[in-house]
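Both complexes shown next keep subunit A, but they swap its partner, so subunit B is in the first and subunit C is in the second.
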Partner chain A sequence: MDTEAQSTQDFSDEEVEILQEIMNIAFGQSASDLAEVIDTQVVLAVPFIKIMQVPELPVYIKENVKKYKQISIVEQKFWGKLKGDALLIFSSGSGKALIKMLQSDDRQGMDTGPVDILERETLMEVGNILIGACVGKLAELLHDIVTYTPPLVLVEKEYEEAITSGHYDPEKTAIVLKTDFLFERGNVSGFLFLVTSNESIKWLRDALKIFIEQYE
Partner chain B sequence: MILNQIFDAINLGIVILDTDLKIQKWNRWMEIHSGIEADEVVGKHALESFPNLDTPKFIRSCKSVFSFGNFCFFSQKLHGYLFPFKSSSYVGSEFEYMQQSCAMGPLRDENNEIKYLFIYVQDVTEVAVYEQKLVEMNMRDGLTGIYNRRFMDTKLNEEYFRHKRYGRPFSIVIIWTSMRGLYSEIGEFENFCCYTEYRLFVPVWRGGILLHAS
Partner chain C sequence: MIKKILIVDDSPIARKMLKSCLPKDQGYEFHEAGDGKEGCEKYTQVRPDITFMDLTMPVMTGYEAIEEIVKNDITALIIVVTADVQMKAIKRVLDLGAYMVLKKPLKREEIQSVLLKVQDTLQKAE
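Right after this comes the complex of A and B.
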């Protein structure tokens, strides 16, 4: 096991707890701001944190999303001192539900555009806002600034096909932050996974220490 | 000083808006392609200067940049363009306006507070023209120029989901015509002409599509 992986394994229970609390605060703030931006309440569940070897990740994600069968995924990389991948997994039919939800304002464009492009773009837009809200708030609390790659989207695939294990580095360890979300309007739900790379771990540990020191 | 030179020399449009959505910066690229000098737009409200920006998507995106520090992306495929700049230099282009791929993101001050947002505008007309040609080639019969079976399948699927989404009535009328009859009357030599001319005489009603179903 390399040093980095070793250091991740040493992530203490207390640190995990602090991270979980920060995520909770961040997601709470995001939810209220999201309501203003996309005009619907988004319920974000208490986040759950798990540390695992990267090869275990696809199995873990599949296990969580298998109830949906068909899924759409928005993937976005973020980098700052906190670096990693955000995977937003929507239940089947979410794209169309989101189009419908947003259409009262955008009807003209929605009515004429090809549905597949519209669905893709809507998932991308909402995914981008949701990921940005969660990652951005988390980074803000830890005094970091992150930037993002354009989101990639995979629309309505069998979950077995959609989540592959090919591009994960087997040497690495990931901190997986999982939360489930539900849009009050439109019956849209899914999971958000933030997979932070182990390059961020040393910084993350220091940032958590600084964060908790404010309250001691 | 150096950054200002890059700002004006770069082959990208860059616009900076403040939290009231007033234009603060307008680079040389934007001046050239819009025909509007920076002095004319700086200080003006972006939505007043460009009423087509006054859409829920654009406003949502601005809010999310100022609230979360998000980056937002406006793809050419769905939006076509953000800023309506006349497209004149692309031979064979059917686009009236320059096709643009745009993104916006936050700009922070020394205290890390988001004070401005930037929008960059990339001219992707050439790529869009090629893509349009590829789609055309993929959807039309090479000989006659009429739509092929693939187009029908795609269109049916699209319209069916549109119907499901809006709950509007959905009906299909298929008039099956045989080209063979026309062949035998006109003869082998004139087949090519027959196909092409036939296209002109078929009464295609509004919304109707003539295609090869086989």
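Right after this comes the complex of A and C.
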């Protein structure tokens, strides 16, 4: 079954539009939370939803990030009725740029340890804020509660090396919610992908229906 | 008096959600646009009493559309409805001439009190 056919089978156009709008609200919330911490505007693009088979996923993500020489990834799994993986992919140099942004705000108490550790911790913290606020808002709007694994961080890897499908079940369907962002200062950009499996699809369809019913 | 309402948002669902929050018994005339450019064109054609504007849109963003509309009509009454509630984003749209900013998802009570405020503003201007 090709992706388009799969997509049609799983979600109607209206369901995709509702999910897109909810994702828009959720990522807007996370950008707002982060902007308070780093004092920069996070410029957001229109979110995009795509449904695909898991083996297609690495190819799709690589296609989106190939413009970056190297990438850093913050990954967090979440589970509730909606469960999946959040992958926050930053452009090359983002970790160091974020450290500079945080330090230039005259923040006290910033660690002055080795740069690689500081970079990892900064990416982890920023990733945690963006993913937590986005997934949390998504869950709140759909009347779900999610818990998270601690974030995992990969710093400055070649994208070919960093993105594999090894830990996803190839038999499953992935709902990919993608949004790209750009920090107004600091030359930081990237993508947030939320990958949820077909186990969540039935619940998600019902939750979307309940969400939109309040606006009927 | 509010008669014509323009809703500019790339998401048909967001437009539907907004319309559902507006009172049904006021005989409003609704007009819709799916991006900032279409929003500017509709604004010129329709001359709405009030415009609800999203910010993150393809083709032309809400920021650009507000700038364009206000450049041609300083009295334009534009209410930004957005998920992007960063302080800098809010300041920027208010500086561009937006009347106020509302956070998505909208609540009926909130939008109805905003309409009363707008009505008051329009009456004072007449």
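By definition in this document, the second predicted complex is superposed on the first by the 196 of 216 C-alpha atoms of A that agree within 3 Å, B and C clash if a C-alpha of one lies under 4 Å from a C-alpha of the other, contacts with A are read in each partner's own complex, and residues count from 1 in each chain.
To be clear about the criterion, contacts are C-beta pairs under 8 Å (C-beta built on N, C-alpha and C of every residue); 3 or more make two chains touch, one makes a residue touch a chain.
As the structure is a prediction and not an experimental result, all values here were calculated from the model.
Asks: Answer with clash or fit: subunit B and subunit C placed together on subunit A by superposition.
Replies: fit
Asks: I want to verify the contact counts: of subunit B and subunit C, which reaches more residues of subunit A?
Replies: Between subunit B and subunit C, the winner on subunit A residue contacts is B.
Asks: Which partner does A:Tyr215 contact after superposing on A: first (subunit B), second (subunit C), both, neither?
Replies: In the superposition, A:Tyr215 touches subunit C alone.
Asks: If we overlay the two complexes on their shared chain A, which of subunit B and subunit C does A:Tyr148 touch? Say first, second, both or neither.
Replies: Once the two structures are laid over each other on A, A:Tyr148 reaches subunit B alone.
Asks: Check the residue A:Asn24 against both partner chains and state whether it touches subunit B (first), subunit C (second), both, or neither.
Replies: Second partner only, subunit C.
Asks: Could you look at A:Lys96 and tell me whether it touches subunit B, subunit C, both or neither (first, second, both, neither)?
Replies: first
Asks: If we overlay the two complexes on their shared chain A, which of subunit B and subunit C does A:Ile129 touch? Say first, second, both or neither.
Replies: first
Asks: Go through the superposed model and pick first if A:Val37 touches only subunit B, second if only subunit C, both, or neither.
Replies: Only subunit B is touched by A:Val37; subunit C is not.
Asks: Could you tell me if A:Glu140 is touching subunit B, subunit C, both of them or neither one (first, second, both, neither)?
Replies: first
Asks: Touch check for A:Ile117: first (subunit B), second (subunit C), both, or neither?
Replies: A:Ile117: touches subunit B, not subunit C.
Asks: With the two structures placed on a shared chain A, what shortest C-alpha distance in Å links subunit B and subunit C?
Replies: Closest C-alpha pair between subunit B and subunit C: 13 Å.
Asks: Using the superposition on A, tell me which residues of subunit A are in contact with subunit B and, in the other complex, with subunit C.
Replies: Of subunit A, residues 36 contact subunit B in one complex and subunit C in the other.
Asks: With touch defined as at the start, can you tell me which subunit B residues reach subunit A in the complex?
Replies: Residue list for subunit B touching subunit A: 55-57, 60-61, 63-64, 67-73, 75, 77-78, 103, 105, 108, 112, 158, 161-162, 164-166.
Asks: What residues of subunit A sit close enough to touch subunit B in their complex?
Replies: 30, 33, 36-38, 96, 99-100, 102, 105-106, 109, 111, 113-118, 121, 124-125, 128-129, 132-133, 136-137, 140, 143, 145-148, 150-151
Asks: If we count contacts the way the header does, which residues on subunit C are in touch with subunit A in the complex?
Replies: 10-14, 16-17, 20-21, 56-58, 82-89, 92, 104-105
Asks: Any idea which subunit A residues touch subunit C in the complex?
Replies: 14, 17-18, 20-21, 24-29, 31-32, 35-36, 40-42, 44-46, 141, 184, 212, 215-216
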